[in-house]
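Chain IDs A, B, C and D follow the sequence of writing; residue 1 opens each chain.
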Amino acid sequence: MAELEAAVHHHEAPKGFIRRYVFSTDHKVIGKQYYFLALFAVVIGMFLSWLMRMHLGYPNYKIPGLDLMSPTGAPGNVMTPEYYLSLMTMHGTIMIFFVLTTAPQSGFGNFFLPLQIGAEDMAFPRLNMLSFWVTFVALMVLLATFFIADGPPISGWTAYPPLSSIGSVAGPGEGLGQTLWVVSIALFCVGALLSAINFIATTLDLRTRGMNLMRMPLTCWAWLVTAIVGLLSFAVLFAAGVLLLLDRLGGTSFFTPAQLKVSGVVLQHAGGSPLLWQHLFWFFGHPEVYIAILPGMGITSHILSTFSRKPVFGYRAMVYALGAIGILGFMVWGHHMFVSGMSPYSAFYFSILTMAIGVPSAIKTFNWLGTMWGGKLRLTSAMLFAIGFVSMFVTGGLSGLFLAQPPLDAYLHGTYFVVAHFHMVMGVAAIFAMFAGTYFWFPKMFGRMMDETLGKIHFVGSFVGAYLIFMPMHYIGIAGNVRRQSEFIDNFMQPLLPIHRFITIAALATGAVQLIFLFNLFWSMFKGKKAELNPWEATSLEWTTPTPVPYDNFNGRLPVVHHGPYEYNVPGAAKDYIMQNSTEVVAAEAAG
Amino acid sequence: MRKLKWLAVIPVMIGLAACSSSPKASSESSSAAPAAAPQQQLKPVDPATVGEITGVVKFDGAVPHPRMIRMGQDPVCQKANHDKPVYFQDGEVNSNHTLPYVFVYVKKGAGQYDWTPPSEPVVLDQKGCMYEPHVMGVMVGQQFKVINSDPTTHNIHPMPADNRAWNESQPPGAPPITKTWARPEVMVPVKCNEHPWMRCYIGVTKSPLYAVTGDDGTFTIQGVPPGTYTLGFWTATFGTQEQQVTVPPKGTAKVTVTFKAS
Amino acid sequence: MGARGLFPNGPRDTCAMGTTTLTHPPAKTTDRSGGGDFSGGRGGAGAYAWLVPDQAYRTGMWMAIAAITMLFAAFTSAMVVHEGLTNDWVPTALPRILGVNTLVLLASSGTFERARRALRAGLREKSLAWLYLTLGLGIAFIAGQLYAWHDLVLRGVFLATNPSSSFFYVLTAAHGVHLLGGIIALTYLVARARRLTDIRKKQLAFDITALYWHFMDGLWIYLFILISVRV
Amino acid sequence: MALALAIIVALITIVSVVLFHVHHWWLPENIARNGAAFHNQFMLTMAVTGLFFVAAQLSLAYFLWRYKDRGDARKARYTHGNNTLEKIWTSVGAVLFIGMNLLGYRLWAQARFVGASPGALRIEVWAEQFQYWFRYASPDGSGHFCETNVHLMDDATGNPLGMNLSNPACQKNVVTDTLGVPVNRQVELLLRSKDVIHSFFVRELRLQQDIVPGMVIPIHFTATKVGTYEIVCTQLCGLGHYKMRAFMKVMTEPDFEKWLKQQAAEQ
């Protein structure tokens, strides 16, 4: 009977290859497209970091073949200072925009948000397709800078004017390279904005019956808050990008002060303010940090609960904390600017709010620990990476308490302490969440299981490796090692060089461990063990529909939700979990 | 003009091309160069008849007090000069009241000859965080080679008006940078973006008829076909001068010019 | 785990349509109850309407408005901050026509509202006439803005002349681009007006376009006041 | 597996803390008058964060081992949380974090809210790609900083600040490439940039400030120990950023006067 009805309501995917896999409007295809885009980007980004690390640890070592990548940037395989800065800029831009913003939100979010809330697709499928392709073009424009004469820009991912606003007189890469960079970022903003609109409308209006907001898995909450944060912040970055582009090409002076003499040339600008860019940029830039980490928080909460076989500890507190982080995230941008020349009084205001944002972060940490407390932990690869996320988030978050205090920041700002801080908290932690999500959802995305043994080796290698890379950066940061330098030439830095070598070796080794993941990912896609319908015995709706997921997700019949998302080990229930759409009525659930 | 160009961009921004400014913007193209003169038949230089131009560039005024270069922020540079003071070369005056670093070149009169650039390159060295030489000439199309003899990274940033600008770094151990210049230009200043005090000047000419005065203020241009020429004299801080000169066959023309303190 | 567990009772089986929860807008549940046009499939053009509730389009438009608000908040706060930071702020005398343009845009909001009401009342022809008028006023506004630029150009005030002129051009251009989006939507409405037979869909399209249009109107008033005071 | 992981987490935690504690890589020596207050605030933050760090990581390690599913009949605890606990750790976190911040208020206020005292030695700091210049009004402390002209600036002829050298006020100014300061006397720096954003950072002074073109940013400090210290640029300013630095020479008052006169003679 059920099958007959399904046939009536069933919707077929379009037939042609292009409409089905390339210009597809199917959220599952788009989710995978985003995922593989991010995977491609992260491989490039990591490769760039290898080159940088090799140069930092062994400045005289000639990396074979580097001059093929850039004949002027690395003549005779010797890396020039500007090429180092180009690599650094591209590493930062690629990682932050095309990996951390793309994979956890647009990748997993696209694939699993409609499945978890019981919808047939995103609200605006064609808009969704457009978001992806705009993002794709943005990445291509960015990568094109590697192939132009002057090479990629050298002004870092923050692109502070006047360095970024006055053209090639500021240095190699600041000509066409920087222009392409701004264009790429502006395009990325457009893609992100369209995507955010889609996420919000989908979450608010496409939930299936019974799926009220407080029954949504925390992943959906995280995607929702992230989308709202993205909606409000990317618009501002877009505005800043337009103004920067006009300064570069239109002769305006929004960010470029008057009376500059650069490389012996007096520039014709009327009197703009470099600090204005910093305000606009960080008004986006700080929320961006949360755009990168919030989906990871959602995924971590979801997975910790699933594999602890225990409801999320303090579900409501988790939701409120997400909201609080999202709101406070817009009020703290000035903490990137304590020593920028901004008024010291506002520095003080920003620092207090920044400390306040530590509170919801701490709440989340305690609740994660609370979720594990008294649970029955199944240590799958996904679970291990979720635990790794908590560990990294704590470590990276705590170093933020130093940087949030202006007097301490006046020493630590611009040192490797900052590098260690943000790599831990938004780099490694967010990537751990992506790994967790991959191991967890792979069966749903590809119908097969990933190899658990390889997964565990991958975890141990990555976990230990991440600490070996980034913990020493705290020490050299405290010792005063300045960041963004392509070489450490002075006597002061020389004693720290052995640590840089250590970090380099750790980075190369940890990078090599990631090859295990790549192998596992592609091998399992074709050769992995066939996945069961609900291999993790999880409760959320994506596990109620067969794999491969039908084109319309639920075969034309949407599930009805009767339970909260994390009903594990409910006393009196038949099994140790109650799926969200189960009609089983358990007395203890309401009481719990 | 620049503003007009940007005016034309505004309508493009909103996708409308029919703004009233477009007729004005189009006037830009009217200043384009007239069509090139018909190709002249170039004469080969007869080596049997060539003469030379020699001369001295004098300076009228008090010898300025030399200004010391402060290299304190790159200890490598201080060490390379054995911690001895180094002085700025622009505006330097020889003790015999003559000028060094004057670029002397045939400005007019040599256009009818067929000058092929020699195959050996002109070399610019970076030594002791100074350019060596400070003033130099190179022919259009001739190889221009930059080497780095210092144990520190240098950056070569020529800022020409007519030629293509470039900006490349040269770490110690990197191979020489080799370029050519497409159009004559006197002079192309060269900066090092790593060491602000470093500067040299390159005179790009069509003929090999150029010379640079030395520490006695004299110069010699050899291999000049007989004829009448306009000589150009270029200095970094005292301005430029011109002088007519006639070179007899196999003979020597003598020239003296005097620059005044500015 | 059996198929029963995988495909638990759906809406039809529980016979509890519209009563179990309030989170659904009525339109969606109505569609799901089986009466809607299910034959189109999602691949075909215009076939999404059945699965996406009207409210989602409204939410989407509100979110777009939020994003545009942030964009202009960024531009205008940049202007205010910039003016405060520099001591060489030279005000630009505004073209007179801006006042006329403002009235034109205000009027277009009014005519759009008339068109919407006429549609509600079922007066299709009348509605279409008001819509044409709205479109005309919108185009007139854009033309007026271009004329304002022309006026400035004749006075020798360009994009890069000084910070205040830069902001004037940027703000008006950004607003103009967004309004052009509205004009494209209006053109679409006019072109499709006769063919859209489903009155609910038509009203939805009207509502959403009107929302955007009024927002553009309000945004312009804000910008106009701001540049009158600041620029 | 669980035990091994727990041990790894615990080991990483302990080794990290020990390496912080042994101070092998640590803050360089302090020569600033307010350095002790900085140190106190730093150590307080270190203690609070260290406590959280150890507690959180060790709990993770313990939970990993203690609550692992061993296949026995034990059931996971069924709880949706505890509001009292949530309230407790929210308020403890808020009080601790914000309180800690308020304790640092005075340090920041002294350094930034209050200007330099009237007797302070004023020195202009000019930054450019990729060099610092320091300008003193005159060898004896009289005079003022003369006007500079961007069109006269020329590094390759020895007039990097674009001073009109026929102006008597400019002739008195002394421009150096090393920041010489007297010990135990307050110094006020006026930070200016010729091109892009640079930064002024002296580790031993615990003092860092960006140098922004179009702005003159004053900072002040008092150095308490004779010696030579490095000034580095911490703001990405272009390809030569890595070698943009200068030296600060802290001297006794007589030495300083002698040094400045010698610099003036070399102009």
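Keep this in mind: contacts are C-beta pairs under 8 Å (C-beta built on N, C-alpha and C of every residue); 3 or more make two chains touch, one makes a residue touch a chain.
Being a predicted model, the structure only gives us computed values, none of them experimental.
Asks: If I average the C-alpha coordinates per chain and also across every protein chain shown, which chain's average lies closest to the global one?
Replies: The most central chain, going by mean C-alpha position, is A.
Asks: Tell me which has more C-beta contacts between its two chains, A-C or A-D.
Replies: Of A-C and A-D, more C-beta pairs in contact link A-D.
Asks: Just give me the whole-number Å value for how far the CA centre of subunit A lies from that of subunit C.
Replies: Centres of subunit A and subunit C (C-alpha means) sit 31 Å apart.
Asks: Would you mind pulling out the distance in Å between where the CA atoms of subunit A average out and where those of subunit D do?
Replies: It comes to 29 Å between the two C-alpha centres.
Asks: I'd like the Å distance between the centres of subunit B and subunit D, where a centre is the mean of that chain's Cα atoms.
Replies: A distance of 44 Å separates the two centres.
Asks: Quick one: report the Å distance separating subunit A from subunit B, using the average Cα coordinate of each chain.
Replies: Computed from C-alpha means, the inter-chain centre distance equals 52 Å.
Asks: For subunit A, give me the residues that contact two or more of the other chains.
Replies: 80-82, 171-172, 250-251, 258, 263-264, 271-273, 275, 489
Asks: Any chance you could list the residues of subunit C touching two or more other chains?
Replies: 159-160, in rising order.
Asks: Where in subunit D do residues touch two or more other chains at once?
Replies: Counting only residues that touch two or more other chains, subunit D contributes 128-129, 155, 238-240, 243, 245.
Asks: Considering only the defined contacts, which subunit B positions touch subunit D in the complex?
Replies: 67-74, 88, 90-91, 152-153, 155, 169, 191, 193-194, 196-199, 236-237
Asks: Which positions of subunit B touch subunit A when the two form their complex?
Replies: 2-3, 6, 9, 76, 153, 157, 159, 165, 167-175, 177, 189, 191, 193-194
Asks: Subunit C touches which residues of subunit A in the complex?
Replies: Residue list for subunit A touching subunit C: 2, 5-6, 8-9, 11-14, 19, 25, 120-121, 123-125, 193, 196-198, 200-202, 204-207, 209-213, 231-236, 238-240, 242-243, 246, 250-254, 258, 270-273, 275-276, 279-280, 283, 532-534, 544-546, 551-552, 555-560, 579, 581-583.
Asks: Which bits of subunit A are touching subunit D when the two form their complex?
Replies: 80-82, 84-85, 154-156, 160, 162-163, 166, 170-172, 257-264, 266, 271-275, 308-317, 339-341, 344-345, 347-348, 351-352, 355-356, 358-359, 362-363, 365-367, 369-370, 372-379, 384, 387, 390-391, 394-395, 398-399, 401-402, 404-408, 410-411, 413-415, 456, 460, 463-464, 467, 471, 474-476, 478-480, 482-490, 492, 496, 499, 568-571, 576, 588, 592
Asks: Could you pull out which subunit C residues touch subunit A in their complex?
Replies: It is residues 1, 3, 5-12, 14, 20-21, 23-25, 29, 32, 38, 41-43, 48, 51-53, 55-57, 59-60, 63-64, 66-75, 78, 81-82, 85-88, 159-160, 162-163, 166, 170, 174 of subunit C that touch subunit A.
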